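Note that chain A is present in both complexes that follow, paired respectively with chain B and with chain C.
Let's look at the complex of A and B:
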């Protein structure tokens, strides 16, 4: 897959506040990329810059070799599915889908066939003459998708399109939309604050925070090897323990934490404040054969049975908690208050410089 | 249960009485216009349409009717443009004093017409505007603007501006997006504002009275003059025609917007 969209050193300021600061992003042809981050991280602003709905304050946006930076929105051929769908209330479903075709001057006799095909793709063929007020939220969302793909966009942008749908419908729509875009081979950028949604939908995830992309990688890498403490915290659940490096030999550091000494593969000088991170499913019960593993003995705070797995919360000292995700059969008779030894591989220990201490 | 039913009966009675109270003068006017007698009698001894015939032969009527319609149409058109621009500034702008501007533009609705009339008369004399037609037109723009401003502000503040963004990404330039999306979506607001503005201009008396002269008289003023000089039931006929016009306007509004929404503004 070749590189398709280049966002190069793009900045955006609103008055005094800098929303995006020299941000760069490269998306491959046919790829589905998620911009994942908390509200206010600049992900929607980036989307609007790519769509041409906002002017950039520096930097360039190049799509398929064509510089879009100075092109107005209506000449970019970038489709957008808006968060509230932004369907035209004075038009029917079919007229909404035809709107972009009419605006582009597609020959009149060709329009009905294209509209019909696009509505069929989103399973709304029978709804062409309805008013958009007669549709459910999920159906409105499909119309918005049909309207955006009817113009055969070079790039499709989706701004939290599922946020207004209930959970069950949302999950069905996620799978459906992903399949549809794969079939059509459309390159898409998807904005969301829902990490699970980003995991399900994307080929790659760009984790954004405060106007910066902290990590840009496939979902598995983002989950297993978060590049920053923010990515660790924002994506999935994890145990996070602050500590201080007490020893260092070659490729391993020893970190003093409230839960006990923990080894991690990294290079930090002694005395450096760090943050230790462990994914809950990496933690197992210690069985006496802990070569190459970290072992700590902690008190059980709570035990949560969720069917397919058993979650154990531990007191990790200094008010911190550790979270382990086990098979329900692994610890059948654990009760809050018990002391248990838990272990995880040194390789699975994530370590980051402590936030706020340089 | 009993008290609830009693309450319902009571409210229905009061509502009915209010409707009767409001409708009686209108019904009386229409009945009187069909009398054959030369004086206002009720009920008419004999029915005839002679006063409608007489009305059309009063030479002063047509010029003043044409003047009123002309002033109402032109002032409504000007108000639509100015009021819309003003409403956009108030709803979308981010500057201090937006609310003050809105209140100021709408204030002619709350102030006594005589006060506005006297004030404008003094102002016009001061700046040397003596032409009756031009004075009337400016005054009527002031009268009609609040209606446009109010309805357009209301519909604009409900307008979803991401529709404009959507139209732009679908291939419309910004001006075209305004025309293709904003204009049709706001059309009910424009229409309602224009209808009320037109009617307000048509029947305005207290402000117009200051700007008329012997050759430039709007319809309400001409009618009052008829009433003073040669009162006969042809005035009731004219009033009936005006009532018919109002009903027609409301009917059109209902067809295009819906009475419920008209009442909302």
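Let's look at the complex of A and C:
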């Protein structure tokens, strides 16, 4: 797949505050990319810059070899699905979908067929003549998608389009939208603060924090190898233990933590403050055969049974907690207060410099 | 929906018809309905009766006489012309103003709103007199025109249609701006953004999104200003004088000076019919525009 959208050193300031600072992002043709981050991280601002709804304060935006930076929104051919859908209240469902076609001067006799096809794609063929007020939230969302894809955009931007829907509907729509965009071969950028949603939908996820992309990788890499302490914290659950490096043998470091000494593959000088991270499903119960693994003995704080798995919370010392995700059959008799040995592979031990988390 | 939902328990308790709580709510309008019925609808009927009542019983004789006189047609023409011009001027000036107010931020919006509402507290007579001073041969407008070299000599504004339209438009401007402003404020700015991302340029966005959505405010503004401009009495008396007659001044003169109550009642009814027709017509036209947009 070739590189399609280039966001190059883009900056955006609102008055005194810098929202985006020299941000760069490259998206491949046909790719579905999520911008994932907490509110205020600049993800929606980036989306609006790409759409041309906000002017940039530096940098360039190039789509398929064409420089969009100075083009107004209506000349970019970049579709947007807004968070509140922004459907035209004075138009019917079909007229909403036809709006972009009419604005672009598509031949009158071609419009009804395109509208019909787009409404069929989102399963709203029977709703063409309805008022948008007669639709449910999910249906309105589909109209917004149909309206955006009707103009065959070179790029589709989606700004938290599912945030107003209830959980069940949201999950169904996520799968459906992903399949639809894949079939149409539309390159899409999706803004969300919901890490699960980003995981489900994306080819790649850009984890954003304070106007910076901290990691840009496929969902599995983002989850298993978070590039920064922020990415670890924001995506999924994890055990996080602060500590200090006490030894380095050229391959692994030994870190002193409140839970005990822990080994990790990394290079840090002795005395460096670090943050250890472990994903809950990497942790298992120690059975005395733990060669090349980290083993710590901790007291069980809580035991949560959630059907397909068993969650154990441990006291990791200094007020910290460790979380293990086990099969329900693995520890049937565990009760709060028990002391248990848990283990995980040294390779699965994540380690970050402790700056910003001290 | 919020109103009916909140009223439901009361309705259920009192009338045992929980599905129709609206019945009770209607009672809330009763004082106003009674007031308007007694002091407005009843006199209106009396006025209508007076216009058709002759010593030989009811007849449309007075209407026939009115429309048979060419002078009457000129009066109707004057009335419609001035009211239309005033409405147009306030619309052209007021529409952009209303949107500027709706999109202004914080304190600036409040200041604009105050600037628009405060002049309403000054009486029409005072304002009309002020315009007399402003429009005089040696008034501010003429001083400015001569000083800037736009004209060599002072222009005659006072006691002309131009002067009347200028003064009346100023006085009625808030009644155009405020209804458009309240509608404009409700238009989601994302709608224009959405239109832009769909490929609509500025003109297309205005005519296909902003204008149709602001139409209810425009219609309300036109209805307000037109019905006030068509029936204004004090402003033309002070700014254009007795030689220029409109339906409202004729009505006033008939009652006050000529003591011809039948003529006054007749012109009042004609004025009312024209005003209602224009207001209803513009509302219908707007609905049609909305549909084709």
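FYI, the second predicted complex is superposed on the first by the 356 of 358 C-alpha atoms of A that agree within 3 Å, B and C clash if a C-alpha of one lies under 4 Å from a C-alpha of the other, contacts with A are read in each partner's own complex, and residues count from 1 in each chain.
Just so it is clear, contacts are C-beta pairs under 8 Å (C-beta built on N, C-alpha and C of every residue); 3 or more make two chains touch, one makes a residue touch a chain.
Everything quoted here is computed from the prediction, not taken from an experiment.
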- Once chain A from each complex is brought into register, does chain C clash with chain B or fit beside it? clash
- Touched partner set for A:299, first chain B, second chain C, both or neither: neither
- Item | Touching partner for A:13 - first (chain B), second (chain C), both, neither | neither
- Query: Of the partners chain B and chain C, which touch A:225 in the superposed model: first, second, both, neither?
  - Reply: neither
- Message: Once chain A of both complexes is superposed, is A:74 in touch with chain B (first), chain C (second), both, or neither?
- Response: both
- Task: Please indicate which partner A:53 is in contact with in the superposed arrangement: first for chain B, second for chain C, both, or neither.
- Result: both
- On chain A, the residue positions that both chain B and chain C contact, one per complex: 51-53, 72-74, 76, 78-80, 82, 84, 86-90, 99-100, 103-104, 147-148, 151
- Which part of chain A faces chain C closely enough to touch in the complex? 51-53, 72-80, 82, 84, 86-91, 99-100, 102-104, 147-148, 151
- Partner chain A, residues of chain C touching it in the complex: 188, 190-191, 193-201, 204, 208-209, 212-213, 290, 293
- Query: For the complex, which residues does chain B have touching chain A?
  - Reply: 160, 162-163, 165-174, 176-177, 180-181, 184-185, 187
- Quick one: which bits of chain A touch chain B in the complex? Just the residue numbers, please. 48, 51-53, 72-74, 76, 78-80, 82-84, 86-90, 99-100, 103-104, 147-148, 151
